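Heads up: the structure comes next, in structure tokens.
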């Protein structure tokens, strides 16, 4: 039975004195894809970057409210953010492979966790590359530097890298904004496949993409959650005028 | 913000209203020809139908283009898809006007069985319903559309009256009157069908405006 | 002349001026090298490297000088490289943005601009006198280590700053700790540029004269610091001795300075020969650094 | 078990951070060390020599029987050589910088910049040799009255030495002027020369001044060239043709001798060092602030 794997309760975020998120209440069902849309500066990136606490790295960043992951507040003293990030994977806007071999990129997650068994790592490399449909393209060149791959391949490698350590939630911060349409289509297909095993939250500027890949859609505006609902509902009959104005392009 | 899409939508709206006006004219012409038993007017209606068919095809094509090229969402999406359905019903209404005209041709050369009273009444209802439906489309007025839907029962009732009268007073009593009574019976039916299609249009308009599906649930209105 | 031709003329004139200006410094460098080669070439023999300095110019050599230079460089490198890289990492990756960090930053920028002779005074007051290291190799090496520290810190920071933050985010997002990220991602990616900075710093340390004079390097020395590797007769046949750290020393530039300030013509030849050796070493180190930097720039961009 | 592992990992992280902090803290200790050592010995010095006479006496003869402790002659020597050096380095360095940043192709730049770096990497003792044994004889042919040790040749060579510094720092400043400004000026129909000197140069001025100040500070602190080629005669003169002595050269002179620890002569070098330190510190801070300000404008 589907349950809320992740929930934010009155989440407020600040950079210095500037409030970016103004009390977001959102719940994410497991094994669903939720798209977060909204104009630039609406706080959608800040929102998903708060979920794996990667924003904690930014000085002056501050959070209020709760983020509940698997029934536990992620800011609880007992929660190790390093541990959290293993369970909540992330793929970023621009492909950011490490300047190392394809193999090492994926093996990194294991190395830092002290897993040295070559058999395990080999299997995971193959497995995750197969998941992202990159295996056939690179299986003979695993020692090649990842930066020599095309942009779309790099991004799929980043997906594979995140999947290798088997997270429960996958955060995607505009994963297709810097790559070509063919690769975008491949990644959208991938997201569809991954839904079976992961809970996915995707931030996107591309509304068609949100409509294509997601089950639920949340619309953010100026740090507030304006509307949340099933994607088909949002795109045929949004309830809020602001949502409608945004998705039909009448915004501003 | 001004959008290029708005231009397309306005054009679509204008085309649909033109089509609506043509359909309205077909209805009034066919009824006019019935009243005067003027065959030339009835023929005009039949010719006009061809134009309306072409118009339907053109509007449908425009809608398909918009869907694939502009990928409209929300209110725009509802507008385009509902326009497609409205043209379909409008075309059917035009077909019914043609049917009426064909009945008029069958009746030509013979005097009316009796002075026409209820059929013009039904015609007025049908014409008013279509006019209001088109007005509610222009103004995106869901309330007016709801009134249109409610008026359909009145039309049904009137058709039943006409049917009953024609059967009881003429067909049953005088078998000679059958050839003149049956076309009238059918015309009443056609008019009532026009009201049904208009009801459909009104339902589409309500979905277009309020994103509420009222079809097959008119009791909820 | 019309306007266009006039503009063209001034443009050309300035171009000429620019080329002249740039060539001026380079021509001087060329003149310097040729002058030194003419003066010093006759003295470049094997004996020159194998002999201690002497009262007789034609007998004098740079044995104690180059051995001293190697000692000093090794000590300087061993101390300044780990500390410099560590400080660079701290300031770039760990340091909170506050007044104290800001103070450290200004402080390092200033230290990079403090005249080297001042470091010599620091070495003299602190290492030689206060720590009682006397005029030893160790005191000299420590002094130079402090001198080149800001250079290494600054180049480490620059190298780290050049790494896009997306690499850090990617690593953290996979659950790496800060140190894991630094050790596995940032340092390997930055090491080329850091190495360039280190080689330049070492090249500078090799040519430094004033601070070592102040610390008290001797100008005339006819013995070597004790060899750290001692050959023994019995197992394990080798031992390591740190005694050499506390021996007096001289270095190449000081030897050269000493010869330059002698009136006899023969010592000028010795000085020129010493300069040839020093210049060749400097050129080699700088070329390596420039080559390394070029290689780093050529590498695939993120 | 896992908790223990995590605990150790966390401990390791904290330990490493502390260790790295100590590394950077060493730089602060260095500065305090310099200030402490210089002031400790200077205070002893000023106990015997009043500050006023240190600053106003026109003679510097601490090693003679008739001792005078006036910093002015040394300061004068320093200023004289610095002035000569800057007069050489500033125009040549600036023109080179404008040429490199606005005129030269990438290819030329890639060849010239490393060569400039080598010019800067030549050990100063080599420049000293060059000044004494190449430039001075050359000058003697033009100005027969010049003495064997003089401020002119060491100043000139020092200038050549700091050309790369001026050129590369100024070029950095010029190149950090945003391209939009260049395109804007071209769009208004400027020639390249007008663009360089009327638009780019003023825009980069504070960056260039920062470079200039740093160059002055470097010239003031330069030791070996003047120790070798300028002589060892403290003299209150602006004549570049006679032997003089700079602050730095004096420190070297005393260090080479066998001045016993704890004597007044020994302390003079710390008083000199203090003067030198304060002078360069002020210049460095001004330069640093100017550069920061300049960077803020264009970021």
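Which chain is which? They are A, B, C and D, in the order written, and residues in each are numbered from 1.
Please note the rule applied: a contact is a pair of C-beta atoms (placed from the backbone, for glycine too) under 8 Å apart; a residue touches a chain by one contact, two chains touch by 3 or more.
What you see is a predicted model, and the numbers here were worked out from it, not measured in a lab.
K.L.:
Any idea whether A-B or A-C has more C-beta pairs in contact?
P.N.:
By the number of C-beta pairs in contact, the winner is A-C.
K.L.:
Could you name the chain whose CA centroid falls nearest to the centroid of all protein CA atoms?
P.N.:
That would be A.
K.L.:
Calculate how many whole Å lie between the centre of chain A and the centre of chain B, each centre taken as the average of the chain's C-alpha atoms.
P.N.:
Chain centroid spacing, chain A to chain B, equals 52 Å.
K.L.:
Averaging over Cα atoms per chain, report the distance between chain A and chain C in Å.
P.N.:
47
K.L.:
Just curious, how far off is chain C from chain B if you go by their C-alpha centres, in Å?
P.N.:
Computed value for the inter-centroid distance: 94 Å.
K.L.:
Got the chain D residues that touch at least 2 other chains?
P.N.:
Not one residue in chain D touches at least two other chains.
K.L.:
Scan chain C for residues touching two or more other chains and write them down.
P.N.:
Only 177 qualify.
K.L.:
Of all residues in chain A, which touch chain B in the complex?
P.N.:
It is residues 207-208, 211, 235-238, 243-244, 247-252 of chain A that touch chain B.
K.L.:
Residue numbers of chain A touching chain C in their complex, please.
P.N.:
Residues of chain A touching chain C: 52, 54, 57, 59-60, 82-86, 89-90, 92, 94, 96-100, 108-109, 111-113, 145, 147-148, 158, 161-162, 165.
K.L.:
Show me the residue ranges of chain C that touch chain A in the complex, using the header's touch definition.
P.N.:
96-97, 164, 166-177, 180, 184-185, 188-189, 299-302
K.L.:
Inside the complex, what are the residues of chain D that reach chain C?
P.N.:
Listed in rising order, the residues of chain D that touch chain C are 9, 12-13, 16-17, 19-28, 30-31, 33-34, 37-38, 40-41, 91-93, 95-96, 98-100, 103-104, 112, 114-119, 121-130, 132-134, 160, 163-164, 167, 191-193, 196, 214, 217-218, 220-224, 227-228, 248, 251-252, 255-256, 261, 269-270, 273, 276-277, 280-281, 283-285, 287-288.
K.L.:
Residues of chain B touching chain A in their complex?
P.N.:
Result: residues 1, 3, 5, 71-78, 211 of chain B touch chain A.
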